[in-house]
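Following are the structures in question.
Heads up, the next two complexes both have chain A, just with different partners, chain B and then chain C.
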Partner chain A sequence: MKEVKAIIASFETPGELLHAAEKVRDEGYTRFDCHSPFPIHGMDDAMGLKRSPLGFIVGGMAVLGAAVGLGLQGWVTTVEYPLILSGKALWSWQAYIIITFALFVLFGAFGAVFGMFVLNRIPRWHHPVFYSDRFASVTDDGFFISIEPGDPKFDAENTAAFLTAIGGKDVETIEGDA
Partner chain B sequence: MNDQDNQSPIAVVAAEHPHGGDNPLIKEGHTFRSVTEKVCGIIEKKPPSMWWVLFGFASSGTLILLGSLGWLVWEGTGVWGLNNPVGWGWAIVNFVFWVGIGHAGTLISAILFLLRQRWRTSINRFAEAMTIVAVICAGIFPGFHVGRFWVAYYLAPVPNQMGVWPNFRSPLLWDVFAVGTYFTVSLLFWYVGMVPDLATLRDRAKTKIRRLVFGFLSLGWRGGNRQWQHYELGYLLLAGLATPLVLSVHSVVSTDFATSLLPGWHTTIFPPYFVAGAIFSGFGMVLTLTLIARKVYGLENIITIDHLEKMNKIILVTGSMVGYAYIMEFFISWYSGNLYEVFTFVNRAFGNYAWAYWIMMACNVITPQFFWFKKVRRSVPIMFVLSIFVNIGMWFERFVITVTSLSRDFLPSSWDYYAPTLWDVLTFVGSFGLFFTLFLLFLRFLPAIAMSEVKGVLPQADPHYHEEDFGSEKAVGEGVPS
Partner chain C sequence: MSNNAPAFSLPGSMWKTIFVFSILGLLVFIVGLFLAPERIWPNFLINEFFLLNLGLGAVFFLAVLYVSNAGWAAAFRRVPEAVTSVLPVAGVGAVILIFGIHTLYEWSHETTVMMDPILRGKSAWLNEPFFIVRLALYFALWIFFARIMMKQSLRQDEDGKLEHTFKNVRNSAIFLIVGTITFVLASIDMIMSLQPHWYSTVFSLITLSGMITSSLAAIIILMVILRASGLKKIITREHLHTMSNLLLSFSVFWVYMWVSQHMLIWYSNIPEETSYYIFRHFGGWGSLSFLNVVLNWLVPFLALLPRVSKRSDKILLQVSIVVLVGHWLDLYIMVMPPLMGNEPTLGVWEIGTFIGMLALFFGVVLRKLQSIPLVPVNDPYLVESLPEEEHAVALK
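Coming up: the complex of A and B.
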């Protein structure tokens, strides 16, 4: 038993893709994507996407990193292994700033990369759009819109016709095992 | 797909376009596809014979490195020329040299990104790879300087059977964290930037191994805007985090010296002076590598003479900052009224290491001043020679700082002259071998130019490119300076 997994349509230029995205958004679709070899300026608005929450993840992770850094140094030097060195106080916080900062940056960077992975649901090595041979050009010079059945407005025939109507070329219905 | 509509109009349109004005960033009417073909071609075709020649030299150098490190481990650190009072010799000089070189990569990838210097797209991948390789080379030296490198993990704060913890008040431990963080963040930044390009290689793969390897590494990237949205913000935030990091790393390296009480080291000018020197030396090395790779792979239209000129301007600025720091150091030693400080600096310029001091001054203060001339900034052979002088000069800077201060400390009875042994020299030469080996492997197997970013700065990447009023004031006037 086969079922529709996605419908894709290709466009010639970044401008065409941008305008098509606006039309798809205005038509009421909410779960579609616009694929391009590079990010296109203005596409977030054209698709009606909300701002990415990644900044909060990075901020939270960075603060956590700083807390871990300062906490580790403070705990080691005052509780676990109190040792007077160069006549300095056990809790000589001025000397701990640099490692605190390093861990602030390190955790923040992990937050940026792995937070981005989580939000993008990657790694994900299989996806219906990969069944299309033409789709491979998306990383070269191809521009595509894909709509998946998860969208409330999705209807195999109407959606395909709609994509053709807004200028999509080679509209392709991708099927896979149910 | 749209080859035909890019070829002829580009020359006309680019002339008025905000991405390039009269002078587009990328030359010769490149299209999206031609960028893909050019960059992927490097990896997919057989390497030019020049690559094999260079790789032969480089991998021989790596063998020299392995051999000399093996001898060090077998015999002990006594094979190096260290003595008392010069307990820090070439190993620290080389460490600071290599870490400094790494800085240009992060400057290009992070700081120029935040400053919206779009010309960086042609060279950032190179520069980031150079950073990672340079930090690997740097790490070898302190790693082996500890003598028993297999217990180098004592530096990390891990609970152990001895119940001992590292000293968090020591700048040497700060360095471990700063350089470790720097390496990790640079690696993440480099890899994340490469994911869309790895997907391009995946989609073009002809063999099963390539499909598997690039498919695995590209994480299933589909170029959807829902992915680009988070990706771009993530990249921006990484750049924002890497910017203070790159300024801090060499500052922390400088505290290894500056927190001591030794005349010539105990100064507050060190952090900014080290950072400027690091960027200066890093750009020298990026320029050397870029000129070679550009020639070997014929990338003159992607890395244009304009890119090179901009790099030369940065060398001029940072080189002048370094020159200023040298003079200011001298002035302050006199102004401080501290006899030991005065002695140290007079000794640097006229003492038994004067030869090293004047090599440093000539290479670092005079060389960059040639870049005031536009003809010099735009001449490939001259800039290649000058970039080599910058590399030499910056190595000598670290030598002068480290060795002159140590060899003449407070007590004349403990003075001694330091000279490297054969094994010091071979280890350093070998580290160049490792550096070039890894860099050549990068050129051979990974996309050396950030394709998705270069495509993004082509004029036709602008969504308004195909509209009739493109290039007129209405379309341009959205705040993008031309």
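Coming up: the complex of A and C.
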């Protein structure tokens, strides 16, 4: 049993892709993607993408890291194993700064890398668009829009017709095992 | 040069305000010389060093842009170039400073040096004639480099030759070495030698990072002023965004250096090193040291983290003013304690001279901005730096 996995259409230039993306967005599609060999200025707006929440993930993780670093050192040296070192106070915040700062950065970096994985749904080993032979040119000179069935507005025939109408060439319906 | 290149002029009322405040600052200084010389000289040193920081920081900024082949800033490069024109003014200030040496520097009194074995050991470097020679050398080099870089840039406007850019890349590379060494020595001479027994190897990095931070803040304020006077299309939000990223990172660099000095001295706890912080960590000075970190790091850090504030003229203006006041406080805490004793004082001498210095700075720089073409029309990077719809300015 085969079912539709995605519909792709190719465009000639980055500019065409950008304007096609605007039309797809205006038509009400939300689960579609644009593929190009390089970043295109203004694409985020054209696709109607919101700002990535990654910054907040990084910020939250960084603050957590600083709290863990400061808290652990403070707790050990004042509560768990109080020890007077070179005549300094038990709560000597100056000495904690390095590790607090290091964990601030480390947790923030973890948040950035793994948060990016989660937001991009990585790892993912395969994607239906790779069934298309022509799609390989996306790493060289190809510009594609793909729309997937998960989109509420998706309809195999209408969507293909729509992509042709907005100037897409070689509209291809990709099917795979259900 | 194209005739329809954007120009800038400040309304006459603003000129009047700037003029009045600089005269006021000058008056405070002159009156202070007679009424409270022991208090006016430290204030003069703070403001002299501040003014030199603003000008020299802009030369560093330009030099880094050149050696890194940065294209993004070409559209507003005339702003840092104009800021460097305060260096000669700071040079005049350095001449005046010579008359205050005996009030400021312990090592300039021969009898004190004779009685003090440590100062005797340092007298080969810390003596009056050599100090004056060094000051002259520093300022001569700084003004020289600022001048030749500006000259090449302005010449390119006229003949459009690429070689000016290449020459400035070479000038910048030399300046980055010469400028760093001379500035490190100058902050040791002018500020650190106020407590001639004490030394710290990180000290000059604190003044260096403070210099770049305050200079970036001043450049941002000037960019906001230019934007408000109708240059929004040349000096774009993207430019402001990148500048505030730099301001944010150098503010973090400043606190990094500040903590490096503070923590290591606190940790090793050697009397000859802690003498610096004993003064500055208790009573009124302690609160001011805390406020220093808040103004120079915490406020810019928290305020500039969100993307929205990096793209807002108003917020950037406020943060930059906070950073400038913070830098003044940083220098105040460096200079005042050994000279003024146990409690900080804030009065007409401090505020008057600071406002006068700022008015002088903005007066000189804005005048320069009025007299030079605002956009380097023949710069090879200008196209890269302008938004697409303004490319015509570059292609004229």
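Keep this in mind: the second predicted complex is superposed on the first by the 178 of 178 C-alpha atoms of A that agree within 3 Å, B and C clash if a C-alpha of one lies under 4 Å from a C-alpha of the other, contacts with A are read in each partner's own complex, and residues count from 1 in each chain.
Going forward, contacts are C-beta pairs under 8 Å (C-beta built on N, C-alpha and C of every residue); 3 or more make two chains touch, one makes a residue touch a chain.
In this text the structure is predicted, and so the values were computed from the model without any measurement.
Colleague: Would chain B and chain C fit next to each other on chain A once aligned, or clash?
Modeller: clash
Colleague: After superposition on the shared chain, which partner residues are touched by A:S86: those of chain B (first), chain C (second), both, or neither?
Modeller: both
Colleague: Which of the two partners, first being chain B and second being chain C, lies in contact with A:A95: first, second, both, or neither?
Modeller: It touches chain B and chain C both.
Colleague: In the overlay, answer first, second, both or neither for which of chain B and chain C A:D141 touches.
Modeller: In the superposed model, A:D141 contacts chain B only, not chain C.
Colleague: On the A-aligned overlay, A:K2 touches which partner chain: chain B = first, chain C = second, or both, or neither?
Modeller: A:K2 sits against neither chain B nor chain C.
Colleague: According to the stated criteria, A:L49 is in contact with first (chain B), second (chain C), both, or neither; which is it?
Modeller: So A:L49 only meets chain B here.
Colleague: Considering 261-269, 297-305 or 387-395, which region of chain B has C-alpha atoms that clash with chain C after the structures are aligned on chain A?
Modeller: Among 261-269, 297-305 or 387-395, the clash with chain C belongs to 261-269.
Colleague: After overlaying the two complexes on chain A, where does the chain B footprint on chain A coincide with the chain C footprint?
Modeller: 55, 86, 88, 95, 98
Colleague: Given the complex with chain C, which residues does chain A contribute to the contact?
Modeller: 51, 55, 59, 86-88, 94-95, 97-98
Colleague: Contact residues on chain A for chain B in the complex?
Modeller: Listed in rising order, the residues are 12-18, 21, 33-44, 47, 49, 52, 54-55, 58, 62, 72-73, 76-77, 80-81, 85-86, 88, 92, 95-96, 98-99, 101-103, 105-106, 108-110, 112-113, 115-117, 119-120, 122-127, 129-130, 136-142, 146.
Colleague: If we count contacts the way the header does, which residues on chain C are in touch with chain A in the complex?
Modeller: Residues of chain C touching chain A: 259, 262-263, 266-267, 269, 305, 307.
Colleague: Quick check: in the complex, which residue numbers of chain B touch chain A?
Modeller: On the chain B side, the touching residues are 1-2, 5, 31-33, 36, 157, 163-165, 167-169, 173-174, 177-178, 180-181, 184-185, 188-189, 192, 196, 199-200, 202-204, 215-216, 219-234, 237-238, 241-242, 244-245, 248, 252, 255, 451-453, 455-456, 460-467.
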